[in-house]
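One chain, chain A, links the two complexes that follow: it is found with chain B in the first and with chain C in the second.
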Partner chain A sequence: MAEPRHDKLFYYTLLPFASTSLAIVLLLASILAVNSLPAIERYGLSLLTRNVWSPVELDPEASDYGLLAPLLGTLVTATIATMASIPIAASLVYVSEEVLPARMLRVRSAISILVDVMAGMPTIVYGLWGALVLAPLLLNYVYQPLNKYFGFIPLFACSPYTGLNILTASLLLSIMITPFVFAVVRESYTQIPLSYREASLSLGTTKYEHFRIMLGIIKPSLIAGALLGFGRAASETVAVTLVVGNAFNLPYCLLSPGYTVSALIANQFNNAPLYPYMESVLLFSGAILLLLGLVSNLAGLIMLSRVKARV
Partner chain B sequence: MGLNTKVLAAAAALILLALAAAFLAFRGGGQDEIVIQGGGSTFAAPQVYEWARGFSSKYPEIKVNYASVGSGSGVAQFLEGTLDFASSDPPLDKSQWSKLEGEVLQMPVLLGAVSIVYNLPGLNEELRLNGETLALIYLGEISYWNDERIARLNPDIDLPEEQIIVVYRSDSSGTTQVFTYYLYKSSGGLWPESLVGKTIDWPVAKTGRGIGGKGNEGVTQVVKNTPYSIGYVELSYALENQLPMALLENREGNFVKPAEETIASAALNALKELPDNPLDDWSPALDSIIYTEGENSYPLTSFTFFIFRTKYSDEKIEAIKLWIEYINTEGQDRMIPGYIPIPKEIASINLKALEIISRG
Partner chain C sequence: MARSDGTEVTVRNLRVYISGRPILKGINLRATPGSILAIMGPSGSGKSTLIRVINRLIDLNPSATVEGEVYIGGLNVLSADPYDVRRLTAMVFQEPNPFPHLSIFDNVAIGPKLHGLAKSRADLEEIVRWALEKSQLWEEVKDRLADYPHQLSGGQRQRLSLARALALKPKVLLLDEPTANIDPVSTRKIEESLREIARDLMTTVIIVTHTPQQAARIADYIAVLYNGELVEYGPAREVILYPKNEFTKKILEGVI
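After this line comes the complex of A and B, so read on.
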């Protein structure tokens, strides 16, 4: 049977818009790839393995770049942020789904609205709060004791001179990505069939045991939430630029200032055309970010489809 | 079915309407207005806006637009022909200028200064520093405030035994260029020439005591919130935020503060080595004004340049000439805090441009 005419019209009007967004992503990836070629040809793998940033105007021979510090900074901050956000998100889910009785539906929805608002807040707000409030607080009440009593652990060995460092960036990021992890985990949690819950409770489980079993059922969604959160944390720019310290310093110690890839691009891109190879090096680092985001998001989505299969 | 089609049609009509409106708005407006399009230095931007306001109230038929995109991009866009004038903290360098000789005019239109700001809780006296100690601090070699080399300059101050947190610009900036050039020129060889530029590999970053702030506002904010830190910002930011500023040792051995007289004194002393025509090569300007002679000269002073073409179209030429005249006369009395007017001697050199600019 032939489709009605207006359906076809509808299809054809929307097709260009739908395909445009796909085309833009592909175009973006290819432009990043093509433009990072000069840097790759010039510096090769050493772009990834050295910590140098010495651009010299008008002198391609003397200009030298190595992205090790920002690359490690991105991986470290995003990893810590993700690890910290999972327990926060899981306990939020526990509170809103188990502690609060079902008749307090309004409170439950208030929590989820609040978390949605957190997700939608401009990142610059987080950044300013992080730099002006969180960093000094952490420095005085967390980092200094941490260094004093746990200084034997290499990660806390350097004396914290400033609150603007890798750990502050990580913790700020963990707050920023918690809403996303929460949304993913909660979504799956509410989809667990009632019969499973009843089965677990009828065994006489304690509340803790019950929650453990429920979380076990949706474990892939925890991993998915973590992966999606990681992708977000790795690409967050504005807030991180304000709290990470922007120093080309390898993040061996979490209490010293560092750098992340996105912060580097935000800082340096404006005047990059003035320096030989800098644009290409920055686009190369952007390509790595894109790749990182793509892999973690894809993996996250695959995990999510597994939860759907389970429940 | 009927509803969907209608909604779709309505949406399409709305989009078309919006596009048409946008198109009209873009094309129409200001038919009788002459627009001078400029851009460049972010440092100069607040002052240029102020001038543009004053200029437009005097000549309502002329509008000056200014895009604060950074000196580098400003000059690039000017050379491509999209801007009528560019503003740049450094002048065109020698190789750029020799390619364009006779086609461009450069004029210093305002003076700026980089101030050394610090956060030393409980300190009421003014800190004194010189090029050598600053170079050692930014190299990461002086790491404590009570280091003997700082103490020697400040015998009357009880300096704390605290590590120095060293703050610098994380983005590319003319301020950094002025500051590093000063370190190079005044530190007696301690600061290498390879570390002079708009964005550099800060040695102190590798000690874990360095922090980068984005823009003058970023550095200001870090210094303000970090006890025992030191940083460099444009004078206007230090004034606006009431940060304490260090006295710097000048070439004659006097410790001076950035202020209108000390900055103007540096400009007057630099003038001896500068060209007397906007057509000339101004590239030595930075070298001549930084750490210049003069009892009372502030060593960390810099010019901001406007760059014009020698030829403008019939419709624009009169407006451009009025703009140049305004900046070098009345405009100099309309400076906002932190921006210092150029000495009269320089303004009269700049006004020679009015004779040079021609139709074409």
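After this line comes the complex of A and C, so read on.
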């Protein structure tokens, strides 16, 4: 059937706007790729496998770079943050959807609004709170006892001289991404058809058993929320820069200062033009971050479409 | 295998309002262990609401208000913990609703697992097989118990929902038009199974049905609802052969 002429006009008018976001991503990716080439040509795969940050001003031959510490730092902080945020988000959904009776709609809405506000808060606020409040608290009441009593575990073996370290960055990130994970899980949870809820309750389930069955139904959305949260945690910059410690340590011990890719870019990019290859190395790390974000977000969206097909 | 030892369901002067509108207007009836009570009536007459009061699923509707008395044996349904009420009952719904994330086996096994009915894996397998046989599904799925509900037809999914409920061996079995989506041959077999379950396990069976033929085939008692009122209630044979109420006659004739 032929499309009406005015619909075609509408379609062609909107097409450029609709394609803009895709074009921006492609442009971004190509700029990062092209500008990464000098670093790739010079250092090759060793950029990913070595932990070196030795810029020498005006002497290209003497400069040496390897991104292993920030890359691993990014993966470790984002993974811990994601793993910590899932039980927090699931508990929030449990409280708001199952513990509070249906008649307490206002309290349920208040929880949602509060979490939305958390999602919208400027990340610098989280960063400052993390550096000035969270880090000292964790240092005194968590890290020191952790090191004292569980120091035999390599992850807690290093002495915590400062609260600014990989674990603080991970925990702060978990607080920051919880609203996003919560939003994804809660949306799927509230969309579970009444017939499944009735079926579960009719079996004589306790609230906890009922919640477990319901979570099972939306399991792909839990994974989706985790993947989307991971993408967000991996790319978070300002707050992490303030609390991660910014040191090129491999994250064998969570209580030592570390680095993440985004923190590295934020800290070094201003100086980069002064050093040969540094700019290209930073853009390469940006490309890796973009790739990580794209993969985790795409996987998350695919999982979400699976849960929609299921319920 | 026996778990149900029979429990009478008594409903006295039951009134249900949803958003202030009366849905059930002073219902009185009894369903006895080992018998099948069929609830008939046109759409919107309050049949589904009635059985949702018996297992307290009505609580899911925040705008519902319930007055009167409902007892399962000695348990006061309306003042008891819904969890205690639902541990005595099981329900099959109009639309098939097996859990999509569980395999066929696990869908049937979930109730016995939650209720601690099986002492061993062998026990559990026996219960699952029994429930699937009674639901007329065993022969079709015995070699594919690890499959998921989306791999079954609509009718098979409904029989799986029935098996999930039967596996609990409930004292009170509530069925809301359970055979609406099932072919006539399976329907007849399921009706036979329901009779067996009522008789052998002394289960109190309450079934909502639209079809007078089904009520005639399986019910010991029939209750007819019309516009929220109980217009006729009595032994099935009496209600079918000598209906006293005009609405009952019309329902039996299939006019409404």
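Going forward, the second predicted complex is superposed on the first by the 298 of 311 C-alpha atoms of A that agree within 3 Å, B and C clash if a C-alpha of one lies under 4 Å from a C-alpha of the other, contacts with A are read in each partner's own complex, and residues count from 1 in each chain.
Quick note on the criterion: a contact is a pair of C-beta atoms (placed from the backbone, for glycine too) under 8 Å apart; a residue touches a chain by one contact, two chains touch by 3 or more.
The model shown is predicted, which means the values in this text are computed figures rather than measured ones.
Student: By the touch definition at the top of the document, which applies to A:217: first (chain B), second (chain C), both, or neither?
Tutor: Second partner only.
Student: With the two complexes superposed on chain A, say which partner A:256 touches: chain B (first), chain C (second), both, or neither.
Tutor: In the superposition, A:256 touches chain B alone.
Student: Now for A:299: first (chain B), second (chain C), both, or neither, which partner does it touch?
Tutor: So A:299 meets neither chain B nor chain C here.
Student: A:194 in the overlay: touching chain B, chain C, both, or neither? Say first, second, both or neither.
Tutor: In the superposed model, A:194 contacts chain C only, not chain B.
Student: Applying the touch criterion given at the start, work out whether A:290 contacts chain B, chain C, both or neither, answering first, second, both or neither.
Tutor: neither
Student: Who touches more of chain A, chain B or chain C?
Tutor: Tallying touched residues of chain A, the top partner is B.
Student: Contacts for A:164 in the overlay, against chain B (first) and chain C (second): which applies, first, second, both or neither?
Tutor: First partner only, chain B.
Student: Quick check on the output: what are the common chain A residues between the chain B footprint and the chain C footprint?
Tutor: Looking at chain A, the two contact sets are disjoint.
Student: Please give the residue numbers of chain C that touch chain A in the complex, ascending.
Tutor: 55, 57, 60, 62, 82-83, 86-91, 93, 95, 97-102, 110-111, 114-115, 150, 161, 164-165, 168, 174
Student: Taking the complex as given, what residues does chain A use to touch chain C?
Tutor: Those in contact with chain C are residues 101-103, 193-206, 209, 213, 216-217, 219, 310-311.
Student: If we count contacts the way the header does, which residues on chain A are in touch with chain B in the complex?
Tutor: Going through chain A, the ones touching chain B are 4, 6, 10, 13, 52-58, 62, 131-132, 135-136, 158-159, 161-164, 241-242, 245-249, 253, 256-257, 259, 263, 266-268, 270-275.
Student: State the interface residues of chain B toward chain A in the complex, per the touch definition above.
Tutor: Of all residues in chain B, those touching chain A are 1, 4-5, 8, 12, 69-70, 72-73, 76, 93, 95, 163, 165, 170-173, 194, 197-202, 205-206, 208-214, 218, 221-222, 225-226, 228-229.
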